[in-house]
Structure formats: structure tokens, C-alpha cells
Amino acid sequence: MSAVPDHRPAADTPEGTPNPTRVTVWNENVHERTQPEVAERYPAGIHGAVAAAIGEHLGPAASIRTATLDEPEQGLPPDVVDTTDVLVWWGHLAHDRVDDALVERVRERVLGGMGLVVLHSGHFSKVFTRLLGTTCALRWRNGDDRELVWTVDPRHPIAEGVPSPLVIDRQEMYGEFFDIPAPDELVFVSSFTGGEVFRSGVTFRRGHGRIFYFSPGDQDYPVYHHPDVRRVIANGVRWARPDQPVGPPPELRRSPVGWWDEEPATSPGDASPGSAR
Amino acid sequence: MSAVPDHRPAADTPEGTPNPTRVTVWNENVHERTQPEVAERYPAGIHGAVAAAIGEHLGPAASIRTATLDEPEQGLPPDVVDTTDVLVWWGHLAHDRVDDALVERVRERVLGGMGLVVLHSGHFSKVFTRLLGTTCALRWRNGDDRELVWTVDPRHPIAEGVPSPLVIDRQEMYGEFFDIPAPDELVFVSSFTGGEVFRSGVTFRRGHGRIFYFSPGDQDYPVYHHPDVRRVIANGVRWARPDQPVGPPPELRRSPVGWWDEEPATSPGDASPGSAR
Amino acid sequence: MSAVPDHRPAADTPEGTPNPTRVTVWNENVHERTQPEVAERYPAGIHGAVAAAIGEHLGPAASIRTATLDEPEQGLPPDVVDTTDVLVWWGHLAHDRVDDALVERVRERVLGGMGLVVLHSGHFSKVFTRLLGTTCALRWRNGDDRELVWTVDPRHPIAEGVPSPLVIDRQEMYGEFFDIPAPDELVFVSSFTGGEVFRSGVTFRRGHGRIFYFSPGDQDYPVYHHPDVRRVIANGVRWARPDQPVGPPPELRRSPVGWWDEEPATSPGDASPGSAR
Amino acid sequence: MSAVPDHRPAADTPEGTPNPTRVTVWNENVHERTQPEVAERYPAGIHGAVAAAIGEHLGPAASIRTATLDEPEQGLPPDVVDTTDVLVWWGHLAHDRVDDALVERVRERVLGGMGLVVLHSGHFSKVFTRLLGTTCALRWRNGDDRELVWTVDPRHPIAEGVPSPLVIDRQEMYGEFFDIPAPDELVFVSSFTGGEVFRSGVTFRRGHGRIFYFSPGDQDYPVYHHPDVRRVIANGVRWARPDQPVGPPPELRRSPVGWWDEEPATSPGDASPGSAR
């Protein structure tokens, strides 16, 4: 885990200067350590490539660190999760090795407002399937398909500056049926050389947090070096950034009659975040 | 307009025997009369081919007639609109010739509960754009593409019995960006030989009516003879069928305090359709 | 668990005669056994009252049994789950006592197509929160509020025959913020004497299954004897009924290029359910 | 129409300094000129009160002008519409007097990206119903109800800093059924003294534009002086602000095969707005 000096909340300071978004890029980091060709493709790891992509687009607006499965507490001890505004997740071979307690910690943080960007094979991660509830199963083929990523929501912030189609020359195929809940927003739809289609960029809101899933990217192809893919990931982080400080998940709340007449919106949650009352 | 002996409301009779769904297939019928190759492809007109498709799947559950632009009152005088449960719409060259008053009549009937199935180039019809509000513009190419129609909502009634992919060997390309409101349900997504994608089967609810748009189908290709395309259209009619008698569009309603205590749900609209109270 | 002679699949027979929907009403059955006034209010248990409500509306179209937490395997051994088309869930005090393995069994069955109707305090059940991913927390007060249930989607099948407002004279208050994913459909919104509002009737599709949550109903009030509440629950069961036989959840599927040209849609899942090909 | 010196596009300048959002507040301005008590309540007109509300919250981030029906070209000549980033609409008695050509001009501008905030009785304006397609009918009563506006999407930018409930002591009642398409986002739900409920804050995306409808506000009550109502309106303007310059509505686009390989995303629309390619 790389050190980052200051991890203040993402919410803007009273002076109007926004604090940088505290981004943590998590990667299981297995392929890179076991397959030389992957290590060669991603010398800094997939997490390193993704972190660099975010940094090159967001600049000082993001404070970025990385974390991997082989680190203590799987790279995400409470103090890291609790100081993360947007978590980026990459996993493939080791989904089952992620502790259930960590999954629950991440889920609670998302429900409390943290953004989550899930990439590619992360569709089967515990974190993603636990938050969505479905299997997130899909159709696939590792066969050197060309992927075309088409924008179907051109004014979505995540599509900003992204060509349509975004052309990826060689890529793994992910196809429908993709077993996810109907997304809150459908941003991208991909086609492949073989003719398959896939809802490749989708958003979900869960609790107070925003989730973006983006399917392009693979250990076997240099997709995370693709400039447009890098832009989409950075856009996704920017979009998922909480507007307000992250707090606990929503809680059961007992309400006497007319509580708002007695004590107008003084306790957290009685007003929306950021209330001036 | 072909004669149909009995056009009772679609709602089931008190005895539990459902009345047949009264379907009207409307076609501008211009290509068929001006281009011999289209007339040869569709000897009974596109309306005839579509009507036959519905009939072969719904059988006695549907009572089907056709109507065309060149008929008196453009084929849709009030007594026809007022006795139609599901209207199927095909137009291409003559959108502008459809009377605004007729468009409004159809819109009001849809808002009152009539189902509407819009096919292919009908995306630019006044009826469709008036109900949706957007331009419904899209990308296109008439270039002998193969279209693959993938099901992304496998348990939707419109997808019942439809293979995924549904393969259309030669077809006009319709591609994104398709300027429609976010659909209530996304049932089909297509890809084309050229790599484009399209939300090819989408549903909308407007007022009390259900709308299904399905893009496959063209005057230059024998798409309406394709058995799976025919099944989708019939499924769409079945899905769009109103569960309750079609009435006027929703109206402004003035409510005194506690009206429901005085006279429990006796006036139409104070209860949902079908209320037994 | 009451015996039911025949539990054939819900899908219609080839002859066109629909098999009855196999409904299982599950109840933790704790209040009824520990609080005499609840036992007096619901002599057959809440499960009994709910089962009777469904039976009186669906008649021979439903084959209904009940199951409770204190029965062997918590009332839901595999052979019961596997022969259930729609599961109705009531729980309050004993959510934590439900086995995780049972929760997963139910979740998989829902993803495979089983309908699920969750009532009232079931919002905090493991089954519901596991499928939705959020906390499902809400605001509440047990204070003899009058609840008015307003229909905001009048043509939804679940609203059929339901007066708007549906008036419940005395009821527990459930209020916003309700921490659920944006529902696929919003059918009912309630208000309470105290002025609170609640999204009281919402639907979700997860995997191949349909989920309906309906908040009215409580052990401390005779809500399940209310004729309109009973109708809503029966409508919900009818709506959640799978159109096709329930199968396994969606699975990862590996696809060679052009598999559909080789062997058109012969394996389950390559075509939508019910395909005649 | 009040003069505003500089109406540059809303998109941020290359230097990173955002241009102010160019807001036009339109009002039919009929009540204020015919009913002394309304004139007294809103000495600067409803448009003046709404403009001040936006200004007090957005400050230099907004450049605000007002326009009224009695001005030349109904206050919205092409050069005003074409230099407006967010249009706020208030009308009640004179919906029918708004020119259809103006309605179409506004609609095209919205589809091209302009934000639209529609207030209260504007639900029946031509601009709103033309963009949504439905009747937008509702239930109402002018009977001194207290309105409670509850937030059901606490992290939506429009809810930022808004107490839940927002309490309006005296207000006209608007109730369900509200005949609108299912909104893209449901932000607020209101209840009234009489027990009615209403989806009082809803968003829609149409073409490239964002639409926010907010129901509180009336000529007969001082609602637009309520500090929280003023905040919601300002939040709505900020949310509806286009991220990119407003352009023409989406257009039909003919595409040869593989056009993106020939000339990568050079023409407007082939890439999403803001593309750097």
C-alpha cells in the first residue's frame, strides 16, 4: 500500500476548495505474479496501470493509493477502507480468497456513500455480487475479438470525451445474458467480432453509494494501456466520488409524531447530507 | 379496412372467457404500391404480412384488421380507433402525411389504455415521437448487414420462445445513439455485421397504455416473413393488450378532503380499474 | 407444513390448462406463540391468514401450503423450496435465526425464476436484504396511525381492483428514507396520520425471478383481515408467478464463435425459456 | 427581459474557470397583474422571487435573467433561447397562449442539452407535456393543506442541504395519480394534511437535456419565499446545467461500414461531447 500523506474527506472545504478524492485501487495481483507475460504487460501490476490512468486524468483532484490481496489484511484494513472515497476493484482468480468480513466492510462503506468502480472480471467478485444480489453470470470467450464500445447515454459524465465507438482491437468477449439487476443507467453497450453484445458500462446506486461497472480490460490484453479505456475509468471514479462525507449505512430510525416540529432536523439523517439547518 | 364481425372490449367477460384482443395493423402502404419488388416481397402488403404473423400466433385470442393511409380518414376513423385494443404501426415515407388530429386521437387512446406496437421505421412516426417527446433519431445504413437480436431480459413475456440470438441474415442497420427516453424495459439489443449495436426491443408505459418498439423489419428485406420476428411481434401484441377496458386519458381531478370516507371509490378513477368495490 | 397433493410446475400444460401456482407462505410464527393477543388476532397464525387471503382470490389457480420456522429444516427443506413457484415471507423477531444455507437456497430459487412476496417487517429478513444488497432500513413508529395506500401505477396488475386510497384505520408507521435500490416499478405510496410517506408497494426483478414487497401488515393490528390488503397480496402472488418452469440461476456460459449457426438454440439458456425451436 | 452582460456557454473554459450558468426564468405573469393579493405576495413577480432564490444560492455561478409572456415574442425570442443553459418555467392560466412555435423551439433546445426546471402548475404547460408525451394530469385541492416534502433519494444533488421533511405550512394539494412517465429519478415525495401523496420532485432526461419537475409553489401561498423551497429550486438549476455546450437535437446519421477506422470521431456526434480526439 503506497503512502499518501493526507486523506481528508472528499467533501469540499468551507473555503470552497475541494479536497482531493481519496482513491484506492485494489487488485488481487495473482496473474502478475504467476504469469510472466502478464507481468511484462503490466510491470506495475494491473493496479499500477489503473492507478496511473486515474492519475493522468484527475491530477491533483485525486489522491491515489493501491492495495493488493497479498498485503496485510488483504490490503484493506479498516483505516484504509475508512479513508477511501472511491474504491476500484479488480479480481479474477482469487474471488473466493477475499474474507467475508472484508466484503461486509466494503459493502457497508459503499452503503454509507463510498463510490465503487468494478472492472472486468470483478463482475464475479464477492463485493459486487453481494451488493447486487444476482449471480452476475455472463457469456464469454477468450478469442481475440475486436470490441466496439458504443455510448448509448452521450451526456452521461462517464461518457465525457469518449469516442463512440471506442475501439479495442483485441479483447476477451463478454456477452449477454448478463445477470444483473436492471441498471439505474446504461452508459455503454459493446459488440464483438463474433457478433455478441454486452451492457459494458452500467451504473447502480446502493444505499448512499454509487457503483460503476465497466467490462473492458483483461490480464491477457493490454486494454488498460488504451487511452480511451483509461479515460472511462477516470471518468467513472470522478462520477462515483461522494458529494458528501461518507458515513455509516442508513439505519433504522424510530420517529415520534411530529419530531420535526420539536427539533428541526438536528440529528444526522433527519436532514439530507449537507443541510445547513 | 377488413371487416371483423365483433369488436368487444378486451377485458374478460364476467364468465371468465376472455374476449379476443382487437388488433388493428396500420401501414402507410406506399412502398408496396410504388416499388414492384416490395409488392412482390409483400403481396398482401407489409400490413398483411404483419397481420398474418399475429394471427398465426394468437389465433382466436386476437381479432385482427388492417388499415392503410390511402383509406378514408387515413384508415383510422374514430370508430376504428375506439374499438382497437392494440394498434400496430408501420410507416416510412409518409410520416408527414398523417393528420395531426389522427395522431392526437391515437395518442389519447394510448394514454387511455390502448397498446401500441411500433415497428422499424415507425421510430420517426408522429405517433411515436409525440408520445415519447424525443427525436427518436438514430444511425442507419442500408447495406445487407446480418442482424443478431440478443435477449437481455430472458423472462420478459415478449422474449418468450424467441431464440437468443435471433438471426436475420440480411437487414438494414439501425445503430446507436438512439434518441429515446430511457425505456421502462430493455428486452433486446442487436448487433450488425458492421459492428454497430442498437436497443432493438424496448418498452414504455405512457398514461394507461403500453408501448413496444421493435426495430427489425424493412421493406427491402423479407424480415416480416422470418418466423422468429413474427413471434416477437405477436408476443408484443399480447403483452401490450390492456388488462382493463380502454377509457379516456387520465384527467384533472378535484378532491375535497376525505372524499374516500364519504363515498368509497365509487367514481371511475378513484379506484384502480377493475375494482370490485 | 400442510399437505398439498399435487405440485406440478406452474407453466401451462401443452393442452392449455394452466397448472395451479404452487404457493408457500412462510412465517417465523413467533409472535403468535408468545403473545396471546396476537394469537387471538390471528388464530391460524399470520401464515394462515395470508394463505387464506391468497386462496380466496386465486381459488383453484393456486395450490397453497404454509411453512414455519419451528418446523424441521425451518419449514423449507429442499423438496419444498424446489416445488414452490411463489414464496411469501413474513418475519420480524427471528430474522437472525434463519439459516444462511436456507437463505442461499431461497435466493438461488428466486434467481432461477421463483416469485417472492415479502411482507411488512420482512424488509429486514436475510432473504430480502441478501437479494437486494442494501440495508432496507426505514423509519418507523408503532402509534396507531391511519395508513392511506395510494396507487401510483394504476394499470399495474398488482393494483387491479384495489381502491386508491386503500384505507387502513390503525397501523404501524413505516416511513422514508427506505434504503432499497430504485425499484423496477413503484406501485403504491402510503401516507400516515403523522404525515410520513413510504414506498409501500415496489417490485424488483432479480435473475429470472420477480419480487414484490408490500409494507402494510403487522402482528399488532388486524391488517391481514383487511379485504383490500388481502387482494393486494393475492395480486402480488399472481404477478410474481413464473411464466416458465423455474430452473437453476443463470450460469457462466462459454461460447465459441458462431455457435448459433452450428446448433441453433438447442441447449437451455441459448434460447429464452419457452422457445419452440 | 433583464439585461445580462455576458452569456457565454456554460461549459468550463479551457483555463478551468467555469462560465456562469445562463439561467432564464420564464413566467406567464398573469396572476401578478390581475390579482392584487398575488402582486403583494410577489412584488417582483413569481419570476422575480424565483430568480432571486437561484441567485442567492448560486451567486456568481449563475447569470440570471427573467422573461414573461407579455414581452415581445413571449419573452423568448431565438437569441434568448439560444443563449440559455437552464430554463425555469412557471405558468398556470395561460398555457394555451404560448405559441406552438415557441414550444417547439424550447423542446429542441432541451433535446440539444438545455436544462429545464418546471415548477408547480407548469405540469400542464405545453413545454412539459410536449416533452413527456402524457397528460400530466393530477389530483388537486386548494384548501390550506400543510405539505411535507420527504426526500427518498438522500444523496441526489437536488436534495443537498434540504431537510427531510421540508415543511410548508400552507399550500395547494397536488395528489396522485400523477400521469407522467416513470421518472428517471424520484427525489421527493410529499404528503398533505388531507392524507394525499404526490411524487413532488422527479427528474427526466430527454435528448441531451435534463428536466426537473418540482411541485411546491403557488400564487396563492408564499411558497417561493420559503428558504428550503428556494434551495431546492437552486439545486435543480445547478443539477440541470449542461456539462457541455448545448447543440442541436440528435439527428439521423448515415454510417458507412467502418467509418470510425477511416476518420476517427472527427465529426460532432461521432464522439461524445467533450471528446479530445
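We call the chains A, B, C and D, going by the order they appear; numbering starts again at 1 in every chain.
Here is the rule we use: contacts are C-beta pairs under 8 Å (C-beta built on N, C-alpha and C of every residue); 3 or more make two chains touch, one makes a residue touch a chain.
Small disclaimer: the values here were computed from a predicted structure and weren't measured.
The interface with the greater count of contacting C-beta pairs, when B-D is set against C-D, is B-D.
With centres defined by CA atoms alone, the chain at the far end from chain B is A. Counting the residue numbers used at the interface between chain A and chain D, over half appear in both copies, so the two copies meet with largely the same residues. In whole angstrom, the spacing between the mean C-alpha positions of chain B and chain D is 32.
With centres taken as mean Cα positions, chain D sits 39 Å from chain C.
Counting partner chains per residue, chain D has residues 151, 154, 164-165, 175, 177, 182, 195-196, 205 touching two or more of them. Per the touch definition, chain C reaches chain A in the complex via residues 107, 111, 124, 130-135, 137-141, 143, 173, 175, 177, 179, 181-182, 184, 193-196, 204-207, 249-258, 269.
Chain C makes touch with chain B in their complex at residues 113, 151, 153-155, 157, 159-165, 167, 205, 208, 210, 242-244, 260-261, 264-265, 270-277. For chain A in complex with chain B, the touching residues are 146, 148, 150-152, 154, 164-165, 175-178, 182, 185-186, 189-192, 195-197, 199.
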